[in-house]
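Listed next: structures, encoded as structure tokens.
Shared between the two complexes below is chain A, which has chain B as its partner in the first and chain C in the second.
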Partner chain A sequence: MGKQYEIPLGAQHISLLEPLHFKFTTENEKIISTDANVYYVHRGIEEACCTKFKFRQVSFVVGRVCGLCSISHSTAYSQVAEKLVNIEAPLRAKYLRMLVIELDRIHSHLLCLSHVAENAGFEALFMKTMQYREFSMEMLEAVCGNRIQYDFSIVGGVARDLKAEVAGMILQRLKTFLPQLDELVDIFQNNWTLSLKNKGAGAITREAAMRLNVVGPFARAAGLAIDVRNETEDLLPWKEVGFEMVTDTTGDVYARNMVRLRELYISIRIIRNIIASLPESALVTETKAFPDGEAVVRLEAPRGELFYYAKGNKTQMLERLKIKAPTFSNVAAMVEAFTGNEYGSAPAIIASYDPCLSCTSR
Partner chain B sequence: MNKIETSVDSLKKDIGAFYKPDLHHFMVMNAVDLGDKIELQWFFCNYAFPSAVTTFYTLISPDTEVPDISDIVPSAWVAQAELADLMNINIENTKKGFVLEPDFESGPLRKKK
Partner chain C sequence: MKTFFKAIGNLFRKPVTIAYPEVKTYIPNDYRGLIGFDENLCIWCRRCEMVCPPGAIVFSQDMKGKQTYHFNRAVCIYCAECVRACPKEGAIYQTNEPAGFALKEENINNGWNSLFDEAIKSRAAYAAEKKRLAAEKAQTEKPGKSIAPGDEAASAENEK
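Right after this comes the complex of A and B.
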């Protein structure tokens, strides 16, 4: 047995974007166990949503839970509130929600991939990926008015329509982005340095992913076919617009990169199909009802299953709002997947988890 | 949402009989403060029929010790640790300080009296 060391990583560390703290126990360089803490950014958002804001305002509050998947939060909340007041968003609003969710997935996945490259010491690829990501931010601003925290989904529908010239601009920019995505796939797939660092690192099996209830690209990279877009047709018609599940088998950093890259092609297909078949209807279903009863909603955010529970009491204020972010579901597997890896691989493994502590701690 | 009532005494037996790791996806635990009582909830869905959410629930007093189910659902320790911090719920084998800093207000999501 080698000498054992305890090595802290985070909450502030050059390889971590998020305030997450890991304590690794290593035997020489090999990680034999990991402890995690996520307690640095609790903001009391669930409490505020039930005590400070009326239920119609809450979609704007939960949009601030996260800068990366703001639209997922505001859409999931809007859907759960719609269940409580017993209305359904118009079809055009559903399509526009899916459009923004997919644009958001493009920017989020590219951010994750850029940080995997950065943590592998590949600065040039980090900058290239961030440069290619910029179009998605510009398109989100054109559609929603903001680059982040879009305030797009509201209870009953969406706040803005898609103008024809913006739709045309999105199609044009996607055309430019497609060869750039091909280039990124080629680098992530074939670059010798990245392959050496990423293949086999931080791997979990399909059985472990299932046992630990992993979600999102983390699960799909291990072969666990779980994607809410494949499941909840009643809320958003994903299959109508060309959704297809992407999975891999090896469950390592390399597989997570490839799943995210392949999902970008699906996102592009979905966006094109939405623009080509955008139905004509109102943008909002109006109601004067107050929330009553309890409901749950699941939605596939870029990092996986986002879960909202809400309980109403026939007043303007909610009785309870519970948010479960995808990273929260993945914490148990994140801790386990380090075991057996070299400490030097930890930064790349963490980046490949794509953790979001802003969502997790709320 | 299919709600199944359970109790603290039969919780492990009920969830143990229901939960199959290759069939069921455990999503999260939740608690709703009803004043004198707290409603605890465990949410599951089925990989084959994912739209169907199954919820186990029980009403407890604030000082009740709730059994740890992480021997049945290994990832449940994360949700248990969160509820111990945010709702000040006493859960077996679960220490505080995972979601909130040690000097944070205890049970911030509990209703203020």
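Right after this comes the complex of A and C.
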């Protein structure tokens, strides 16, 4: 037994973009145990949503919880508020929400993949992935009018319609993106340098993933078929538009990369199906009711299951709003998956978890 | 190995970066930009102010009842919720022009906060003045009613 050292990583670290702290206990560069601390930031968003903003304005506030999955947050809130005021969004609004969620998933997954490449020491692949990601940002700008804060989903429906020329542009850009995605898959699958840091690193077994309640691509890479899109049909008709579960078996960084890349193909298919079969209807269901009662909504954000709880008391202000972000569910498994790995591969492993601390610590 | 040869080949390819100031990047023509306001069309219902999530719109009111529209581009989140709430088409609209920078002289944060408070106060002052005028008017119009309770009291005292 060698001497044990404690090495801190974070809350500010060159390989971490998020205020996340890990304390590794290492022995001969092998990590034997890990301690995590996530709550370094508190913005008081939940409190603000219940005291400062009317319930119709909250969908814009929660859209600013996270820059990467802005649409997931505002859609989940819109759905929970629709449940509280007893309305249902029109079918066209549902399809447009799914379209933007999937475009958002493309850009979020590519961002995560680029960070895995960067933290594994492959700068050039980072640049390449970010370059290919640009199309999804531009398409989101064309659909929603803004690159990051979409403000697309509002209580009762969506804010903007999809124009025919924008739909055509999306299809055309997807056509040029597909060979680029094939190229990325080829590099992530076959590059020998990258495989040294990816294959076998940060592995978690299916049993451990199940025990620790892992969600999102992290769980699916370990072979756990968990996806909210597969489970709920009432709010967004995912199966109608061609959703398919993507799973892998090994549960390491490589498997997570592959799950994300293969999910992009599914996303592209969903986007194509939505544009091909966009139903004609109104965009917003109007109502003058005030929120009353309690409601719960689950939605598959790019990082996993996003959970919203809201309680209304027949006034403009909500009584309670609770957000549970996917990263929060994954922290326990993150700590577990480090065990037995080299300290040097920790940055790439963290990037492959795709932690989003702005969602987690609001 | 394939990546290696590809990297060598990249030496002879054109750069993928774009010459930005000369070549414009893509901006959609319905980009969410500055909010415009048409005073002639406005019906002064203040619904835009009510729905605005960050409070970037406020109406002040002078003592004659004339309202003035104030908008802060640094507070606005360009969500166009005001445009959707507006009952009069075209009174408030969204342009595709991006918001400009704020200069120090503009005092865009603290200046706006005091302007916002003053605007709310000016409206409260006008409402109070209106209420006072209405009460005065009611008194002058129906003088008999205000005397009546006094009479009753007097008659009650007489009875005692």
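What we mean here is this: the second predicted complex is superposed on the first by the 362 of 362 C-alpha atoms of A that agree within 3 Å, B and C clash if a C-alpha of one lies under 4 Å from a C-alpha of the other, contacts with A are read in each partner's own complex, and residues count from 1 in each chain.
Please note the rule applied: contacts are C-beta pairs under 8 Å (C-beta built on N, C-alpha and C of every residue); 3 or more make two chains touch, one makes a residue touch a chain.
All of these numbers come straight from a predicted model, not from anything done at the bench.
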| item | value |
| --- | --- |
| Touching partner for A:203 - first (chain B), second (chain C), both, neither | neither |
| Touching partner for A:332 - first (chain B), second (chain C), both, neither | first |
| Touching partner for A:311 - first (chain B), second (chain C), both, neither | first |
| Chain B versus chain C as contact partner of A:213, first or second or both or neither | first |
| A:278 touches, of chain B and chain C: first, second, both or neither? | neither |
| Contacts of A:264 with chain B and chain C, given as first, second, both or neither | neither |
| Residue contacts on chain A - larger count, chain B or chain C | B |
| Which of chain B and chain C A:158 touches, first, second, both or neither | neither |
| First, second, both or neither for A:236, with chain B first and chain C second | neither |
| Partner chain(s) touched by A:96 [first = chain B, second = chain C, both, neither] | neither |
| Touching residues on chain C, where the partner in the complex is chain A | 2-3, 7, 16, 26-28, 30-32, 51, 53, 77-81, 84 |
| Chain B-touching residues of chain A, taken from the complex the two chains share | 37-40, 42, 44, 46-47, 210-213, 226, 228, 230-234, 294-296, 298, 305, 307, 309, 311, 319-320, 322, 324, 328-329, 331-333, 361 |
| Residue ranges of chain A touching chain C (in the complex, touch as defined) | 53-54, 56-57, 60-61, 124, 131, 138, 141-142, 144-146, 149, 151, 154, 159-160, 163, 166, 186-187, 190-191 |
| Interfacial residue positions of chain B with respect to chain A in the complex | 1, 21-22, 25-28, 30, 32-33, 41, 43, 45, 47, 50-51, 53, 55, 73-75, 77-79, 82, 85-86, 97-101, 104, 108-109 |
